[in-house]
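Shared between the two complexes below is chain A, which has chain B as its partner in the first and chain C in the second.
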Partner chain A sequence: MDVGVKIIDSRGAACPGPITDLARAYRNSKVGDIFEMWATDKGVKADTQAWATKTGNEILESREEPDKIVIRIKINKR
Partner chain B sequence: MGNKLSIIVFSGTTDKILSAGVLSQAAAAMGSEVNIFVTFWGLLSFTKGEKKMIMPKEFEHMGQTMMEGMAREHVASWYSMIKEAKEFGAKVYACSMACGVMGIKREDLDPIVDDMVGAATFLQQAEGGQTLFI
Partner chain C sequence: MKKVLIIGGGGGGLILANHLDTNEFDVTIVDKSDLHFYQPWFLYIAFKGSKRKISRPIGELVRPGVNFVKDEITEINLDERKAYGSRKVVYNYDYIAIATGTSPDPDSIPGLRQIYDEYGDYHSSVYNSQKLWSHVKNFKGGTIAIGQASPTCKCPPSLLEGAFLLEERLRGMGMSVGISDSISPSNGNDPAKTGTKGKSRIVFFTPFPRAYSAEPMNRVVEPMVKERGIEVMPFFDVDTIDVQNKTINSLEGESLKYDLPIIVPPCKGPKIKFTPETVQDEDRFIKADKNHMKIPGYDDAFAIGDCNTLPTSKTGVTAHLEAMAVSELIQGKYSEFNGRINCPFDTAYGKATFVIADYKNPVVPYPPTATKHFMKMSMARIYWMTLMGTADPIFERFFKFTTPEKLNKKYASVE
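Then we have the complex of A and B:
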């Protein structure tokens, strides 16, 4: 089911590292792509939401696991 | 947030230049056009050569703690943040008047600087966006 999901591993990176990793992945993406970001920076939930709002994309899911924050982003706009 | 962020980097201390770096990189990642205009004390860190850590006088005693904290949290240097921002199209300009006052020539500027321009150019580039003075 998760075959098309691209993992963006930003664990350990401080702000604004994760959002930059996302922007870099976004550059080579196409409409319909789904990214799963793994991060440990505490600002990442709000920041990915802000990024999605600004760029016209969508946060599908945002959850905290014991060792990381996991965020799923759907690319709706290129 | 608009689609353009322009930052005047006036201060010469590393704490403030780091803030400019963070905001530049974040704005560039958000898809915004980013213009950085470096003037006066800021220019001291945008010449060629080693980038020295300059703490403000009142927080000098915290320099070591801050360095350790940044290493622990894997915070990048302001220089690499601006380089990242430039990868997304950010531009860095040096103020021609301040360069003249400080005896800084075009060839003395770090390669991270795109051009030496005047205030009118910066104002025209910044028009219609958000501008910060740091």
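Then we have the complex of A and C:
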């Protein structure tokens, strides 16, 4: 795990879902922060993409692992 | 006899206490209040002016043999197995379960304290819900901004339930709801729905991507939101409120003007000083593993219900099922919470649905019906039996026949 990367573990969250944890982390973030989100909810990719577009932040990577979906987000705007 | 100390006599704490064998364990509940409230009814006080009595003394809701003490816990030392109350009273334990629910935090958002004190809300108390009702019933027209100030909130459906019940209320008062082009043609010619007593707009703001956070349920309710003329502002996480200019600003950079603000404040975990302090997250919620509710590093300490960090909704049903699992674990049996949620969702006009899912299965796109509404209303009566454990057989059957796996086969099969 890289230093300075905040892990947001939302595995298992179906309702209200992973965006809850992402929005909570965003409130306490600063420009330059990197989040790594772990989720199992299938809709997480589309939702984080829509969130990043809306807030002006950047999805660095999005990949599927056997037990989770991993999304890396860079905070460019806060 | 081993001592079980339960902090909080809400749904979670009472169900746990009432499922422990008091011949085997010395069980004590400590709560700062001597009353227990049926919180789902706040909605009907705030939007219908209900006068139903929704509280009962905690001392009357415990089974014989369970002790109840009225006291506020300020400090818990997990290493020394001690909890501290007011006036330095010390409670020792062999097992501790923390079930302190959430506390509203209107001071964490600039401007919110003033709104909270003036308009109330429909999540915090009977008093606040009555205050909100006095504004709703006297509303003369304009824009109502309604929503949650932060993503962490009790009972995810309750936010949109508020908007639905508000819309039903305003139309009932003879008002129109929505900017004209958002009213569907099916409503357009209906005088009851176009309104003669003034014009109103309901703007539902939410930090989530859509009206209802979980997408499968959104598919069910979004057409209703549109048809009723309720406007939605997604990805709207409240940053500041400019009370002078009646404007709410979001972290995402948008603003929303209001005439009447209905804002559910952010909620936080308990104001208790823990040793070690690492057991609480930045919002004071207590860390616990998602299947056994154990506080990491301790075999004798659990956090159940709204006060923990489990990746599930903060609802009475989860508090209930977590409490049942912890009661078995304390009594030496194996048990596990599977993340089951079952949140009743009043879609107004006499219909309701349930938000059902668990850790492994997504939310069911479960359609609203009058029967489900009847079940939601009946809960206000059965609730007291639920706390005592006397309604367990009904719930066991209900949960068995309505697993998200089974229901998704039926309702989500088209996907």
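Simple rule for what comes next: the second predicted complex is superposed on the first by the 75 of 78 C-alpha atoms of A that agree within 3 Å, B and C clash if a C-alpha of one lies under 4 Å from a C-alpha of the other, contacts with A are read in each partner's own complex, and residues count from 1 in each chain.
Note that in this section contacts are C-beta pairs under 8 Å (C-beta built on N, C-alpha and C of every residue); 3 or more make two chains touch, one makes a residue touch a chain.
Every value quoted in this text rests on a predicted model; they were computed, and no experiment measured them.
By the document's definition of touching, of the two partners only chain C reaches A:Ser10; chain B does not.
In the superposed model, A:Lys54 makes contact with both chain B and chain C. Looking at the shared chain after the overlay, A:Ile19 reaches both chain B and chain C.
Of the two partner chains placed by superposition, only chain C is touched by A:Asn28; chain B is not.
More chain A residues lie in contact with C than with the other chain of the pair chain B and chain C.
Contacts of A:Gly43 after superposition: chain C is touched, whereas chain B is not reached.
Of the residues of chain A, those at positions 12-17, 19-20, 23, 47, 50-51, 54-55 touch chain B in one of the two structures and chain C in the other. Contact residues on chain C toward chain A in their complex (touch as defined above): 150-153, 156, 207-209, 213-215, 217, 235, 237, 251-253, 282-283, 290, 311-313, 339, 341, 343, 355, 357-363.
Within the complex formed with chain A, the chain B residues making contact are 1, 22, 25-26, 28-31, 73-76, 81, 84, 88. Residues of chain A touching chain B in their complex: 12-17, 19-20, 22-23, 47, 50-51, 54-55.
Within the complex formed with chain C, the residues of chain A that make contact are 9-17, 19-21, 23-24, 26-28, 41-43, 47, 50-51, 54-56.
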